[in-house]
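Presented sequentially are two complexes of chain A, the first with chain B as partner and the second with chain C.
Let's look at the complex of A and B:
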């Protein structure tokens, strides 16, 4: 039976903050826009973001977008592209106001303006006193933003395909993207969505690590789709381990907990960040804090019977601050640890959290890839925004509060550019049967029956492998072994079989398709890390402990074809201001 | 530990059945992890879940007769034998997966978005901390559906009665000092069903995994209607 086709002006894959902000822009301009999401939109992982979104509103302390830009460039360990960073920090201010107008229930200060809290890596005046730049709705900012964006899309009558899984992009001979093959999870039926422009907004891939703050759905689907469509992934070695995941469990404890005055202690009760970041202390950049914690534990000063974590203290802040400013954290501690964080410290350990890398784009969210005329040629009809994309605004390390900002600013930028693109390209490009073939092959592969390993077994091994071979501290031997093991694991996937071949809401089939994605992004991460012989931001090499700007101030590009690596220069020239040259990074 | 789960596969089963699995209980284990352990034994078992920490609202289910969020329900607190069923009153798609279309439809029916008529300021719309506090207990809803599917009025009239979740959302906007559509919102709730089918049975309050109180929100809407009608 032929597969039905539906045509839209724009297709958005993923219904988190980036996808929904783009959709809102397009639907409000009366474009026909389809949003495909494998979960109901408000279940997307943006919902779990806690602490807030950065914008130099100066509501609580003096601030300036230029200071925000400096902090972001420094936080990126000078790997971020300064044109994109300038754009994001300028746009942050109108973006947050726009969200507020849309209904986000931000917390407030006495004069009725938006509450802002201190977060890591924030300074006034280019490295001076601590700033307070993170706009917060208690510690449920992601939830507040995602629900508001969904609500506004209801108003704008966006067309949602809820619980549809994107199998692969469809691409023509010239490399233009024509839409995607998707699977309706409830019925198991396939559908081809043709679109003049397609936006990947599928989020991160934390599920590739065993212990992660990420949800079950964060399997790198968009990144892997891009890889299979011949687009390389950029800077994948830079994976952020959030300092404060609940030890052994992974639930996120927001950096806002330290922003409100919380601090870390080791097993001896010592406030150890004094030794690693004498000025910024517990509000140093996340990479710095995570390394300091692991160093304390490695040197035998961990807490608990196995000395395998450290403690986050909030009890000195008083129940009023903790329960009022951090109600979500209070819930998590009560439910998962049986403690009240206003009374007892929280056991924490650096936990896989966020991909700085992803699908390379420019600051209009257009996907760019190396081609005949240089390293940044536009892939026609393809956009990416949010965690799955790499603009790059986070470089080698993302600042807290900049991820919600990234999804909103570049989700909107994508929407704006798609409006222009669709105006200039008013017709759908023709789609041939042969263009659909690769996506059907990928789906059909899972129809193979017979004896074989289970998806769950291979996935568990993959997650353990990534944790063991690509963690906070890395070295050549460990990663070389990891690469070999991962290549062997990739072979094993060929022999995995689905026992459940039914159609109706077959979650086993979805998990199998996700496993393919995890293996591809896992390889991108490990290969990129193995090849970068320096330490920068979140990528810490024991065997190359220094940053090497001479050789390595460049972006990595991993291509699936032949597992090959390529590189391209960092954009050090901002749009209107002076460039921030690389300096030693001290907090 | 033994867990008995509701199984129904429309391609294979004429009617639903209950199936018991043996799962190794771990310290601090949540029900979601126990369901995942079942899934590891038997990949044909289907249920929704995602964040694992009670914010995405995917895994509301019925356990021993009460609606709960699996990921924040410790198995140690559950009476044995543990019986897990899909949310009541909704058509079952497969196993624990139910069709929530009508629930979402009712949410969309209450204009669940801020409506502002005056021109927007260049900066934020000011809101005092006291006015912002009025949204606490309302905006945190995760749309898991535990409340509406525990509500007898919603079971009988899911196409006419908005149900506790949608009405909580309605009050969330009525209570927002920034919203400027009070009249339309109240007018739209007139009639015997949309709002007034609530008989304050309060199942919604009992089951809400986030500790929210839709019954109180419904009462506030009724109070405001009364106030406006005088």
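Let's look at the complex of A and C:
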């Protein structure tokens, strides 16, 4: 039976903040917009973002977009592209007001203006006093933004394909993107969505690591689709880890716990940070604490029966302090561990949180890839925004409050540019059977029957492998071994079989397709990390502890074809202001 | 009385559907809801199962507040169910997700 086709002006894959902000811009301009989401849109991971959105509104303390830009460039450890960062910091201001007008209930100060709180890494006057730049809707900013954007999209008549899984992009002979093959999860039926422009807004890939704060849905689907369409992934080695996640589960235990006086002990009960950071102790920088924890475990001093975590002690602080000042941590411990942190230590392990790397784009959210005429040729008809994209505004390290900003500004930018693109390209490009074939082959592979390993077993091994070989402890030997193991694991995936071959709500098939994606983004992450022989931002190597601007102030590009690495220069020239030259990143 | 093949198929289709409904935007909900689906759901009677389906229809943030003990559902049946989901996590095997 032929696969049905539906035609839209724009296809958006992913319904978090980036996808929905782009969709709203397009649907409001009366374009026919399809949004494909594997879960109901308001269950996207944006809902979990508690912090807020940075914008130099200067409502609480003096501020300027240029100071915000300085902080972002410095925070990126000078790997961020300064044209994109200038654009983002300038656009932050109208973006927040636009959201306010759309109905996001931002917290207020007494005179009615939007309240702004101070976050780490924010300064006045280019590195001076603390700034207050983060706009929040209480502690549920992501939730408020996602629901507001969803409701506005329903009003603007965006067409939602809820619980549809995108299999792959469809690409013609010339490399233009024509839409995607998608699968309706409920029925198992396939559908081809043809679009003049396609936006990938599928979020991050934290599920590639065993311990992560990311929801189960964060499997790097869009990144892997881009890879399979011949687009490289950029700066994938830069992944943010928080030192203290609940071991074996991933939820974040905020740094506030150590700020209140909590400290880490190993399996022998020793306060081991005294050896690694005698002065700062448990309040040393995130990467130092995280690497010290993993070093203890690697050297056999972990806690628990498998010696695979360390413990965070708060019991000396007293029940009153713990329960009153750390209520969120108290709740997590009670619900997930059945313990009271005022009485028992918490098992912790570094937890994977946020990807700085992703699909390379310019500041209009157009996907760019190396081609005949240079490293940044536009892939016709393809856009990316949000955590799956790499503009790059975060460079080697993201500042708090800049991730919601990224998804909103570049979701909006994608919408704006797609409007122009569709105006200039008013017709759908022809789609041939051969263009669809690769996507069908990918799906059909999971119809093979017979004996084989389970998806769950291979996925568990992948996540452990990534944690052991590309987590917070990185050196040449550890990662070289990881690359070999991951290549072997990729071979194993070929022999995985699905027992359940039913069509209706076959979630096993979806999890198998997600496994394919995780393996691809895992390899991109590991290869990029293995090859970058320096420490910069979140990429911290034991064997190359210094930043090396001469050799490595450049973006990594991993291509799936041959697992090859390429590089391109950082865009150090802003749009209208002077460049910020690299300096030591000291706070 | 044993269930018919059709009834068994219906139950497994419902379980698969619910499994996907337990995929949420927050890790905490993924862990709690999936654990309960695997260990507690089968023991629920029809009314309890209907309550679970009803619970999944609420917004992530609301379910999060209930399950983390930061708010309490006004509905008595949901209140009981929230207690059961929390107990399934607390009493389950250590380290399992």
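Keep this in mind: the second predicted complex is superposed on the first by the 481 of 587 C-alpha atoms of A that agree within 3 Å, B and C clash if a C-alpha of one lies under 4 Å from a C-alpha of the other, contacts with A are read in each partner's own complex, and residues count from 1 in each chain.
Definition applied: a contact is a pair of C-beta atoms (placed from the backbone, for glycine too) under 8 Å apart; a residue touches a chain by one contact, two chains touch by 3 or more.
Remember, it's a predicted structure, so these values are computed and weren't measured experimentally.
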After lining up the shared chain so the two structures overlap, which partner does A:441 touch, if you call chain B first and chain C second: first, second, both or neither? neither
Where does A:533 make contact in the superposed view: on chain B (first), on chain C (second), on both, or on neither? neither
Could you say whether A:105 touches chain B, chain C, both of them, or neither, answering first, second, both or neither? first
A:125 contacts which: chain B (first), chain C (second), both, neither? neither
A:42 contacts which: chain B (first), chain C (second), both, neither? both
In the superposed arrangement, does A:551 touch chain B (first), chain C (second), both or neither? neither
Where does A:449 make contact in the superposed view: on chain B (first), on chain C (second), on both, or on neither? neither
Go through the superposed model and pick first if A:579 touches only chain B, second if only chain C, both, or neither. neither
Which superposed partner A:564 touches (first chain B, second chain C, both, neither): neither
For the overlaid complexes, name the partner, chain B or chain C, with more touching residues on chain A. B
What is the shared patch of chain A, the residues that chain B and chain C both contact? 39, 42-45, 47-48, 140, 143, 147, 186, 215-217, 251, 331-332, 335-336, 504-507
Report the residues of chain B in contact with chain A in the complex, numbered from low to high. 9-12, 28, 39-40, 43-44, 46-58, 72, 74, 93-95, 97, 99-100, 104, 108, 111-114, 116, 120, 122-129, 131-132, 135, 139-140, 142-143, 173, 176, 178-179
Which positions of chain A touch chain C when the two form their complex? 38-39, 42-48, 140, 143, 146-147, 163, 185-186, 212-217, 248-251, 331-332, 334-336, 338, 504-507, 510
What does chain A use to touch chain B in their complex? 39-40, 42-45, 47-48, 57, 96-97, 100-103, 105-114, 137, 140, 143-144, 147-148, 151-152, 154-155, 186, 215-217, 251-252, 328, 331-332, 335-336, 454-456, 498-500, 502-508
How about chain C: which of its residues touch chain A in the complex? 13, 16-17, 19-20, 23-32, 34, 59-61, 67-70, 86, 89-91, 95, 97
